[in-house]
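Heads up, the next two complexes both have subunit A, just with different partners, subunit B and then subunit C.
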Partner chain A sequence: MDFLNAIVALSNFVLIPAMAYGSQLALGALGVTLIYGILRFSNFAHGDSMAFGAMVTILITWWFQSMGVSIDPLPTALLALPFGIVGTALMLLATDRVVYRFYRRVKAKPIIFVMASMGVMFIMNGVVRFIIGPDDQRFADGARFIINARDFKEWSGLDEGLAFKTSQGLTIVTAVIVVAALFWFLNKTRTGKSMRAFSDNEDLALLSGINPERVVMITWIIVAGLITIAGVLYGLDKSFKPFTYFQLLLPIFASAIVGGLGNPLGAIAGGFVIAFSEVTVTYAWKKVATYLLPESLEPSSLVQLLSTDYKFAVSFVILIVVLLFKPTGLFKGQSV
Partner chain B sequence: MKKFLMATAATALVGGAAYADNHETIKIGTILGYTGPIESLTPHMADGAELAMEEVSASGLLLGGMKVESVRADSTCVDSAAATAAAEKLITSDGVKGLMGPDCSGVTGAVLANVALPNGIVMISPSATSPGLSTAEDNGLFFRTAPSDARQSAIMAEILRENGAESVAVTYTNNDYGKGMADAFKAAFEAAGGTVTIVTAHEDGKADYTAEVGALASAGGDVLVVAGYVDQGGAGIVRGALDTGAFDTFHFPDGMIGSNLEANFGEEIEGSSGQVPGSDSPGNAAFVEMVGDKFDVTSPFTGESYDAAALLLLAMQAAGSAEPGDYASKVEMVANAPGEQIFPGELAKGLQILADGGEIDYVGATAVEFVDGGEAAGSYRQIKIEGGKMVTVQYR
Partner chain C sequence: MSQSLRTPLMFALVALLFILQGTTDWWIFAGSWNASLTILNMALISAIMALGVNLQWGYAGLFNVGIMGFVALGGLATVLVAMPPTPGVWSAGGFKIISGLILGAGTIMLMVWQYKHMTPGRRRGLVMLATLIVGFVVYRWVFDAGVVGVEAVNPAQTGYLGGLNPGGPDNYRAHGYMTILAWPVGGLLAAGAAWLVGKTALGLRSDYLAIATLGIAEIILAVLKNEDWMARGVKNVIGLPRPVPYEVDLQNSAEFVAKADAWGMNVTTASTIAVKLSYSALFTVVLVVLIILAQLSLNSPWGRMMRAIRDNEVAARAMGKDVTRRHLQIFVLGSALCGLAGAMMTTLDGQLTPGTYQPLRYTFLIWVMVIVGGSGNNLGSVLGAFLIWFLWIQVEPIGYWFMSLVTSGMADGSALKSHLLDSAAHMRLFSMGVLLLVVLRFSPRGLIPEK
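After this line comes the complex of A and B, so read on.
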């Protein structure tokens, strides 16, 4: 019984939330890594593009909700998601046309692209705040829980509750589907293969007749899909607030770099490494230890490795260690 | 140039001497941060203080018909050196008999230690709330009409113990306000016989609070105290704690009390408690009515400023002298019971009672009550969540 309680407590506070957070980071990091692989720069506007995608989806969700359209028990936002992706794709293609295409034509250095993307970031920042405001927005509806902590306690007779939110379930399932679809696309389709070729060696790709502008366009569309999905899932799971999306940029970049920039598999692994390390290193193991250890060994302290104040330090320490020993990331990516 | 300087200095000396000899007016230094981070608040605060001075002057009752004059000086709110120099000038060259101010906690401490103590001048700050000032050396010269954050922590511990909470977990927003509140609360709650299982910080505006909620849940407790902001990380923590079933009753200090608390959580936090500064005293309504549209009465600390100035003058009347050494001991006496209650706009009545040798209990705009040597007791509205709404339980 104690063993079961320990497992449930651990799943409730560590495994499930970290899985969901990891999936959100992985989807974000995939976008960063695709842009790095194909357009060859670190896109600082990523977090705010994510906020833009979520914002378009929220506006359409509200419209659907006002018309009474719903897919209960699933959140209406899922229905609005395709429209959000289209809106975001149009916006990303427009910024590419207005900003990045010029720098591609003049063959600007990557650092200039990065600076340009910072400019885009600030503009996007302003646009999102201008349209939807800087405040928290609520758009989640449908059933909130797949498993409710209180119901679980009654059903199982355990001391510990287990909560599994609909948004967490959706996040994990969607992430698996999206990642599978992306890998299928990159490995099996002609367009996907041409993207990989372009990423591996631009000159050879051009020689073999691949149209660079088409590759760039498809990259932006895929990225639009990834960030809108990540942004909406994150908003459903926590809350939508433009400023937190900007803050999300740091863990997303950390994930992409730890995994190896330009390597999609690495982005996913990186997302989970960052999420799990943030949660487990700062977790107070007292509860779990109390269940598992015999009474005489029960800890009186919290058994916390680091105070939660340091959780951001944790991801950056991992980042530094990885860069010191494997500059290309855990999976073979490009060195930064 | 040298001659010009000499001439200026001489004129200033003569002027200063002339003022010092003038027994018709009493000067009060209104030292606030007219420039700096709270420059938008201070003009209203000064207007509040000067309103009390005008009221007293107009009554013609102070010490047999003395007039009161306000001399403004800039505390800058953040620059201790500038504030100290400004206060020094007020005392030595303007000859003020008391200081209404300073405003921010840092400069208040500096002026107290470097100017008020050596010169033996009384100062009443309308807005310094740092708990650190409670223990500062003051020789009975320093008072404040805004309650210390430590007071709120003590009230909070009291409410929780009365509600039967044995052990609590505490999370605070990682800044001076949150940290000060959490530390003071931990001490107060443990002194009241409770246990604090964990005190952990959270950053505002972050992406994910899983780690914080996990640590809090592992430590456990009857109630989770969230010393944060309702539009910031505090809400993220409450959401996480509710969703994982870690806690279902909470306690909220003032930063968490807002309409969004009802809107975002409503019935989910049924039975939770909290407190915000507030009073049911009729003094505030009287103050609002009296001010009318002279200045913005809803701006923070205007009532506290009025009360600070009024207390200085009433204490002088009680002592029968405008000398700080004489009236310092009377400030607490006029502010606290026993005596006739005095509300804003009734300063003339108070002055008359004191002149006749009676006693007054100055209530003022903010229900002033001094405890522990010059600390405002402060009054708080205790709330609880009932049927998804915030309901006032009582004032304390």
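After this line comes the complex of A and C, so read on.
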């Protein structure tokens, strides 16, 4: 019984949250990795573009809510998501047109692209704060839980409750669908193959008649989809606040690099590696330990390796270790 | 226009902005010397940060996105040097904290030794893992006990180790010179952190340094916010000693009052302006010395080598230059300047408030200064610092002016009008981003280009 309780506590506080967070990071890291593979720079505006996508979706969600449109028990935000993606795609294509295309033409060094992306980040940050403000925004509705802690206790007779939030379930299911669709697109369709060819060897791809501008355009559209979905899911799961999206930049980059920049499979693996390490290192293990260990060994402290304020340190340490020992990442990425 | 004419002209224009701010309240200007000098003092500090970033980017092409972290470390140095030691903390647990930290560092060093000296294989991995686990448990055991003890010492006012000020808790304000001693210490702290980051991330792709510095800045800030035993965390350390006189003392001094009367000034205003001017003088001395050093180094064989590496790494390496080492050297130097400036800034504020460090303000704004001013040119980045800091402060009044112009046709009390007016404050980020992109695209060499 104690063992079952321990497992339930573990899944409630570690496994499920880390799965959801990992899916969000994986979606974000896929975007970073795609941009890196095709456009060959690290996009610092990624987090704030994510906030932009989430913001558009939130505004449309509010509009739907005010008209009484809903798909209860699912959150209305799902209905607004396609519109959010379109809005974000238009915005990303516009930035590409105004900012990045020029540097592609003059074949600027990657670091100039990074710097330009920093300017875009500033602007995006200003736009989001200008439109929706710097504060927390709530937009989640529909059923809050798939499994409620109290119902679970009654059903199973255990002391530990298991809560499974709708947003967590949605995140995991959506991430699986999106990743499956993305891999199908990259591996089976003509356009996807041309993207991979462009990423592997630009000159050869150009010689075989692939239109680079088209590849770039499709990349931005896919990235818009990925980041809007990731941003909205993160907002549903936690809350929407522009600054937290900027802070997501570090774990997202860490995920992409740990998996191997430019490698989509690596981005997903990296996302889960980072999420699971963050959650396990900052979780107070006292509860689980109390169930598992004999009474004499019960810990008196919280058994928390690091306080939650240091969760960024976890992604950073993993990042540094990977950079030191395997700079190309767990799966072979392009970067040296 | 020749560059020798352009540089003084540009500086004269910026000086005019500051003079206008002091003399007239027309348009967006405040018409107060107090306001003008406040902006000037921060601009002088920002100029030192910009010099540091220009060293890294302009001389060597290194992209450092962690300026905020190095600035915050400088601020920490001010507390650790200039505040008085808290009585009783050493017996309460200070030694435990220090020995805990030494144990932690020892564990890492032991692991490095094992990694280097044992034959690769599963055995080495297991031994390193065991060292890590044992080391971590022992470190936490010693360290946590010390932290509890130190933080329990008068938690409302101190609860931290304190600094090295010889005056003690009652008389530490008399030893204001300690803050000036803290400035180079701030530089050293930042240099140490930069060495650690540079050692791992340099020599890899250029983006990696950017991401690693972004990370270290976040972590330094998290440490400052959460380690209350060090500098009270978000409870802030206030009342740092000052290297310049206090306003109250000036107002009570008969000599000063007589002088203010002779100048025909209000005594209160005169005292605040005198204090700000003393800060400006101190900062100007530091800035001028640094500019001279930077100019000398730029034109020395070392500076030529740095630029050669920046312009063509492969060729420089073929000529036998150790590119990674030189990069590490300049990265540490530039970060040390940021740390120095950070210590000066905390001295100026008179308090350390980790909650106020924002990456957009302390990292990206400095970048805008360097790019707009002219990367690769020391005077250019200094000019950029003065101009951009002035604009950063003044964008808000400009934003209100612009928004009231835009909304003047709208009906009073309409929701859109009040939203637009309320959001004018967010124009800052937006306008700085636009400025950065426009300069990067149309005038990538900046206002005063590199020769």
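What we mean here is this: the second predicted complex is superposed on the first by the 332 of 336 C-alpha atoms of A that agree within 3 Å, B and C clash if a C-alpha of one lies under 4 Å from a C-alpha of the other, contacts with A are read in each partner's own complex, and residues count from 1 in each chain.
The criterion applied here is as follows: contacts are C-beta pairs under 8 Å (C-beta built on N, C-alpha and C of every residue); 3 or more make two chains touch, one makes a residue touch a chain.
Everything numeric here is computed off the predicted structure, so don't read it as measured data.
Three-chain overlay on subunit A, with subunit B and subunit C in a clash. Of the two partner chains, subunit C is the only one that A:Ile257 touches; subunit B does not reach it. When both complexes are overlaid on chain A, the residue A:Arg214 reaches neither subunit B nor subunit C. By the touch criterion defined above, A:Gln247 reaches both subunit B and subunit C. Contacts of A:Ala284 after superposition on the shared chain: subunit B is touched, whereas subunit C is not.
Look at A:Ala313: by the touch rule set out above, it reaches subunit C but stays clear of subunit B. Judged by the touch definition given at the top, the superposed model places A:Lys332 against neither subunit B nor subunit C. Using the contact criterion defined above for the overlaid structures, shared-chain residue A:Arg97 touches neither subunit B nor subunit C, since it reaches no partner. In the superposition on chain A, contact of A:Phe130 is made with subunit C only, not with subunit B. Residues 247, 307, 309, 312 of subunit A contact both subunit B in one complex and subunit C in the other. Per the touch definition, subunit A reaches subunit C in the complex via residues 41-42, 44, 99, 102, 109-112, 114-116, 118-127, 129-131, 133-134, 246-247, 249-250, 253-254, 257, 305, 307, 309-310, 312-313, 315-316, 319-320, 323-324, 327, 335-336. Touching subunit A in their complex are the following residues of subunit B: 174, 198, 200-203, 205-208, 210-215, 217-220, 231, 235-236, 239-240, 243-246, 260, 264.
The residues of subunit A lying in touch with subunit B in their complex are 9, 12-14, 17-18, 21, 135-136, 138, 148-150, 153, 161, 163, 165, 234, 238-239, 241, 243-244, 247-248, 251, 275, 278-279, 282-288, 302, 304, 307-309, 311-312.
Residue ranges on subunit C touching subunit A, taken from their complex, read 61, 63, 65, 136, 200-201, 204-208, 210-212, 214-216, 218-219, 222, 225-226, 359-360, 364, 367, 371, 423, 426-434, 436-437, 440-441, 444.
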